[in-house]
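For clarity, chains are labelled A, B, C and D in written order, and residue numbers in each chain start from 1.
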Amino acid sequence: MSKGIAIFTSGGDSAGMNPAVKCAAEYAARVGYKPWVVYDGLRGLIDDKFAEADRALMSGILHRGGTFLRSSRSKRFFDIAYRRQAYENLQKRGIEKLIVVGGDGSFRAMNQFYADFGVPFAGIPATIDNDIPETDYCLGVDTALNMIRQSVDSIRDTADSFSRAFVIEVMGRHCGYLAMVSALACGAEVCLTPELPYNMDSIGERLRRDLKSGRNYILAIVAEGTKMGDYLTRWINDSIGMEARLTVLGHVQRGGSPTVRDRLMAYKFAVGAVDALERGEKDSIMIYRDGTYSTKPIHQVCDSRYELDPAVLRLCQPLCQ
Amino acid sequence: MSKGIAIFTSGGDSAGMNPAVKCAAEYAARVGYKPWVVYDGLRGLIDDKFAEADRALMSGILHRGGTFLRSSRSKRFFDIAYRRQAYENLQKRGIEKLIVVGGDGSFRAMNQFYADFGVPFAGIPATIDNDIPETDYCLGVDTALNMIRQSVDSIRDTADSFSRAFVIEVMGRHCGYLAMVSALACGAEVCLTPELPYNMDSIGERLRRDLKSGRNYILAIVAEGTKMGDYLTRWINDSIGMEARLTVLGHVQRGGSPTVRDRLMAYKFAVGAVDALERGEKDSIMIYRDGTYSTKPIHQVCDSRYELDPAVLRLCQPLCQ
Amino acid sequence: MSKGIAIFTSGGDSAGMNPAVKCAAEYAARVGYKPWVVYDGLRGLIDDKFAEADRALMSGILHRGGTFLRSSRSKRFFDIAYRRQAYENLQKRGIEKLIVVGGDGSFRAMNQFYADFGVPFAGIPATIDNDIPETDYCLGVDTALNMIRQSVDSIRDTADSFSRAFVIEVMGRHCGYLAMVSALACGAEVCLTPELPYNMDSIGERLRRDLKSGRNYILAIVAEGTKMGDYLTRWINDSIGMEARLTVLGHVQRGGSPTVRDRLMAYKFAVGAVDALERGEKDSIMIYRDGTYSTKPIHQVCDSRYELDPAVLRLCQPLCQ
Amino acid sequence: MSKGIAIFTSGGDSAGMNPAVKCAAEYAARVGYKPWVVYDGLRGLIDDKFAEADRALMSGILHRGGTFLRSSRSKRFFDIAYRRQAYENLQKRGIEKLIVVGGDGSFRAMNQFYADFGVPFAGIPATIDNDIPETDYCLGVDTALNMIRQSVDSIRDTADSFSRAFVIEVMGRHCGYLAMVSALACGAEVCLTPELPYNMDSIGERLRRDLKSGRNYILAIVAEGTKMGDYLTRWINDSIGMEARLTVLGHVQRGGSPTVRDRLMAYKFAVGAVDALERGEKDSIMIYRDGTYSTKPIHQVCDSRYELDPAVLRLCQPLCQ
C-alpha cells in the first residue's frame, strides 16, 4: 500500500489555494503517494474531516476562488491532547506527510506538530498580505491586486466624471504591499502605508499644484493598517477643497478566480513541496526569491523579518510626499 | 445652416451616459441637426463649455464607464441671471434644442429653463437608483447590478471558504431596487430595504434552521438607505453566533464599462429623444414601460410617485422574514 | 408523501440554466413538491440519472455558467420504447410533473411525451440564439451578448492600435439577433445577418468616406449563419485597402457566469413554470413579451414563426448599407 | 532649454505599452527631460507625427489596452533617406534620445538608426509571444495569459455541460509559451507546441483511460505555430470518439486592460530605460531575469537565442504524451 500524504489549507483564505491543493494532490499521486485532503484546516485535522483526493473531488476547482477545503483558526491545536487526536487521525489512514497551504501561523503550528510526533511537513505560503519572510511572493497576492485594480478602475470612472477625490482603503494590517503596488498600478496620486513616513504639507502642495495645472480628480490608496482612511478623506475635503469619498474595499479583494500568475505559482510551489518531502526534508517552507523557487527550513523563515521590495518602496516614495 | 442641438449629462454619473450621448449626437446629425455637447452639466451651460460633437470627439467613448462630459450639481442654475447666461450661450451658436441625460432633478431644471426661454428639451433617465417615476428602467442600473454581482460572487468565495457571514451594503437612498435585485441574483439569504418591513425574529429562526441543515455561510444585502449595515452585522454575530463582516460596496457600483443592456437602452432612448424633439414635443421624458419605449411630458413623470416592480417585491418578501 | 417534480436541461447549453434549475427546485419545494433533477437531459430520463434536489446539490451553482446537470441530444427519445422507460423512471419515484429548460426541440419532445403518458410539463426557453417564437427573451442571451461585448472591446484595442479592420463572427445559425445587438452595442461599422439584405457597394462607399474623414479602424460583426466571415475579410482587404483579420468567437460566447438579467429572468421563468403546473396547465411554455411574463400552450409557440424585434432591425439597417 | 526625449511603440501591440509610455514620459520629465511621443511607430518618426507628452495627453491611458500611440510596420525605415528624414524630425525639436517599446525587430531598426546618426536609444521588450531573448518577461504576456484564461474558463462551462472536447488555438508563431502556461493554468489535458515533441498514441491511451475513470470533457491547447488545431480536433472526434470543437482565440488575446503585473513591469522597465539613457548607455535593452531588472546591449539580446523556461517545459511534458 502506498504511503499517505494529506493536504490542507489554513489561516485567511486566498486565491491560489485551490490550484495548490489540486496540483499537490495530483503530483503526489504521480510520484507514488496516496493523496488525502483535510477539510476545515487544523480544526478538521482534529475532528477527522479527511477525504481521499480522487479525480472527482479535484475536478472543477482549479478556477474557483477561496478554498474549497475551507479554512479555520483553531485554538484547540495549541493543546497537546488535541494534537494527539490529530496524529491518530493520520495514523489510522497511513498518512505520513503533510502539506499545509497558509501563512506563518499555520507553519508554526505544523512545526510544533512535527516536534511532537515527527510528521514531516512542507509549507506553501499563501496570504494576500504578501508578508511572509524570505519569499518574494505568496499565493493570492496577484489575484488580490487585480481585484483591487478592477475596483479602482471602476471608481476612477466616477472620480473623473464628477471631478472628485476618492480615498480607497485596501487590506494589509502590518504590510503596505497591496497598497503600494495597487497605487502604482492604478496611477494613484497618494499612497499611505505603514512603511513610509508621509508629509501632509508637501502632499497638499503637490495636489494643489496638480489641480491648478489641469488635473480634475484624485485617487488615494491607504493601507488598512494605517487607519488613515477617514482622516485623509476629511483632509482632502477641508485642506484641498475637493469633495472626497472613502471606499473600504473589504473582502472583495480576497475572492475572484485565481489569475494565471497565482495558478502557475501554485503549480510550482506544489510540485516543490512534494519534491521536498520526497528528498526527505522535514520542515521546509517553499519560497520564491529573485525569480527562483527553493525551500528553507521553517526556523529560517519564521525567525526572519519580512522586508518589502526596496524598488517598490522607492517608486512609492513620491506618493506620500 | 443646420439648426443646433446640445447634449449634456447631469446629476449622479451612471454607466450608459456615454453611449446615450454618442448615439444622440450621431442620430441627431443623421436627421439634420448640428450636434453639440456641453461639459460639466448645468455648470457648463452657464460657463460656456461647449464643443462640436464631431467624429473625433465621439470616438472611443462607447465602452467607457461614467460620463466623459463630466457631471455636476449647480446652485447657480436656480438663479434666472445665470440661466439667461446659459441661454445666450445657446443662442450665439444657434442651438435650439437640448437633450439632458440624468435624473429628475435635472429634468426639473430643464423644465424651468423651458418656461423661461422656450427652449424645448428631451430627458433621458439615467441613475443607478432606478427611482425615476413612470419608467421601469434608468440607464446605468444593469451595469451597477452586474458590478454588485461580481463583488458579491467574489465575497462568496471567502464566505464559503471561511464559514462566515457577510453583510453587503449597496447603494440606494430611498429605493431598495439595487438591493432587492442583487439579493435575488446573488442568492442572498437576507435582504433589508426601505420598502419592505422586516422581522428579525423570524429571520433568526430561518437562518438557524438553515445552518442546522447544512448551510455554512450567510450573505445578506442591505440598502444604504436603511442604515442597517452595522446593526445587522452585530446581530448576526450575537444572535446567530456566526462571525460576520460588513462590506460597503461604495462607488465601485457606479463605474465599469456599460453592459449590452445599458448600451442598447441608451441607443433606444437617444433615438427616441431626437425623434420626440423632431415631432415637436417640448418637454418630454423618455420612458420604458412594459417592454415599450415612449415619451411622457415632464409633469406626468415628476408629479408621479416611483413604484417598485411588485414581482420583485414579492420575490424578496421571504428574504426579510 | 408529497408529489414529485423533476427538472432537467436539454439542447444547447446557455447561461441562466443553473439559476433556473435552482430556483425551480427551491420554489417547487416551498409550494409542496418533492423536487428532483435529471442529469444529461433526455438521455438521463431514459438512463435513470435522477437525484433529489436537496440543499447540498443546489448549493454553489447559481453563479456558474453552463448547466451543472449537463445537457445532451438524444435520438433514442424518438422511440416509444425508450420514452416508456423514461416514464417508468418517473413512476417509480412518484414524479408527476416535469420542467424542461431548453429550446423548442426539447419542448416538442416533451409534448410527445405528454401525448404518450399524460405527464404535464412546463418549458423554460433557454438558448443564446434568442430564436424561440412568442417570447422576446430566452435565458442565456444577455450573458452571451456581454461575453461578445467583452471580446469585441478587447479586439477594438488592437484594431485602434494598429489601424486595422476586424471581422468578428458571432453565433446564430438562422437568427441574427446576437450579431445585430452586439453590433449596436459595440459600435460596429458593419453588420451582416440572415435577416437583412446588404449592399456591398454602398457599404464600401460609406467606409471609404469614413476613413477619409478620420476613422482609423473598422469593426464588422457577421452572424455565423451568413457564412460571410471569410468573404468580408478579403473584401475589406481588397476593396477597402485596409488590412483585415477574421476572428470567430466560438464557444467563448456560451459560457461565463450568468448576468443579473439572466439570473432574474431565470427566477421569474422558474416561478412561473411551477405556478403554471400548480394551476393545472399541462403543456405550457413560459414567455416574456412586452415586459410581461406569461405562459402559452406549446402549439402556439412551436407553430409560430420567430420574429425579430423590428426596432433592432431598423437600428441595424444602416450597418448593412 | 531641457533636452528632448521621444517615446514610441512599434511592432505588434500588447497590453502594458500604454503604462510604459506614460511612466517613461513622466519619469523622464522628473529627471529633467522634455518628453515627446511619436504616433504610428517608425512610420510616425518619418512622417513627423510628434506630440509633447504633457499631462493632458498622458491622462486616462494607464488602464487602456493596446497602444494609444498606435503601432505600425514600416518598410520605408529600411531606406536611409527616410531614416534621415526621421533624424531631421528629431533635430528640429532638440530630441536627443529615444525609447522604443516593442519587439526585437523594432530594436534592430533603432540600432541601425543609432549607427547612422548616433541617437542613443533604450528598448523596452513588449510582445505577447514572450520570445525576446535574454529577458524572462515581455510586456503584455500576463494580460494575454489572463485573457486566454477567461476564455478557456468560459469554454469549460460548455465542455463540462455537454461532455465535449474543445481544442483551443492560442497565439504564438514560433514560441509555445502562451500555449504552455495557459494549458497549465487552465488544467488542460493536452498541449501541443513547437517546442515539445508529441506522441498521439500515448495521448490517446491516456485520454481513453481518463474518460473511463470518470472524466467527462477534454480541453486541449495548441499553439498557432503548430498548425495542429484542425487535425487535433478531427483526431479527438475519430480516435477518441468524443465530439470535439475548435476555437481559435485570435485577437481577443491581444487586448484587455493591462493586469497589475504588466503595469508594474511597465513601470520598472520605463524607469530603467530612462536611467540607462541617463547613465550614458547608447543601445540598451531592458531585461528581467531571475527576478532582477537590468540592461544589456542590443547585440547581446538580438544575437542570442530565445530559450523557454525549463520548468515550464518540464511541467508541460506530460500534456503531450
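Just so it is clear, a residue touches a chain if its C-beta (ideal position, glycine included) is under 8 Å from a C-beta of that chain, and two chains touch if they have at least 3 such contacts.
Not measured: the values here are computed from a predicted model.
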Pick from A-D, C-D or B-C: which pair repeats the contacts of A-B, with over half of them the same residue pairs?
C-D
Could you label the chain A-chain D interface same or different, taking same to mean over half of its residue numbers are used by both chains?
same
Chain A and chain D, separation of their C-alpha mean positions in angstrom
28
Between chain A and chain C, centroid-to-centroid distance (C-alpha), Å:
39
Taking the mean of the C-alpha atoms as each chain's centre, how many Å separate chain C from chain D?
36
Using the touch definition from the top, which residues of chain D touch two or more other chains?
153, 156, 160
Which category does the touching pattern between chains fall into here: line, ring, star, complete, or other?
ring
State which pairs of chains touch, listing all of them.
A-B, A-D, B-C, C-D
Residue numbers of chain C touching chain B in their complex, please.
22, 55-56, 59-60, 62-63, 136, 142, 145-146, 148-149, 153, 156, 160, 181-182, 184-187, 213-215, 257, 259-261, 263-264, 267-268, 271, 289-293, 311, 315
Given the complex with chain A, which residues does chain B contribute to the contact?
9, 12-13, 15, 17, 40, 64-68, 70-72, 147, 151, 153-163, 166, 216, 245-252, 254-256
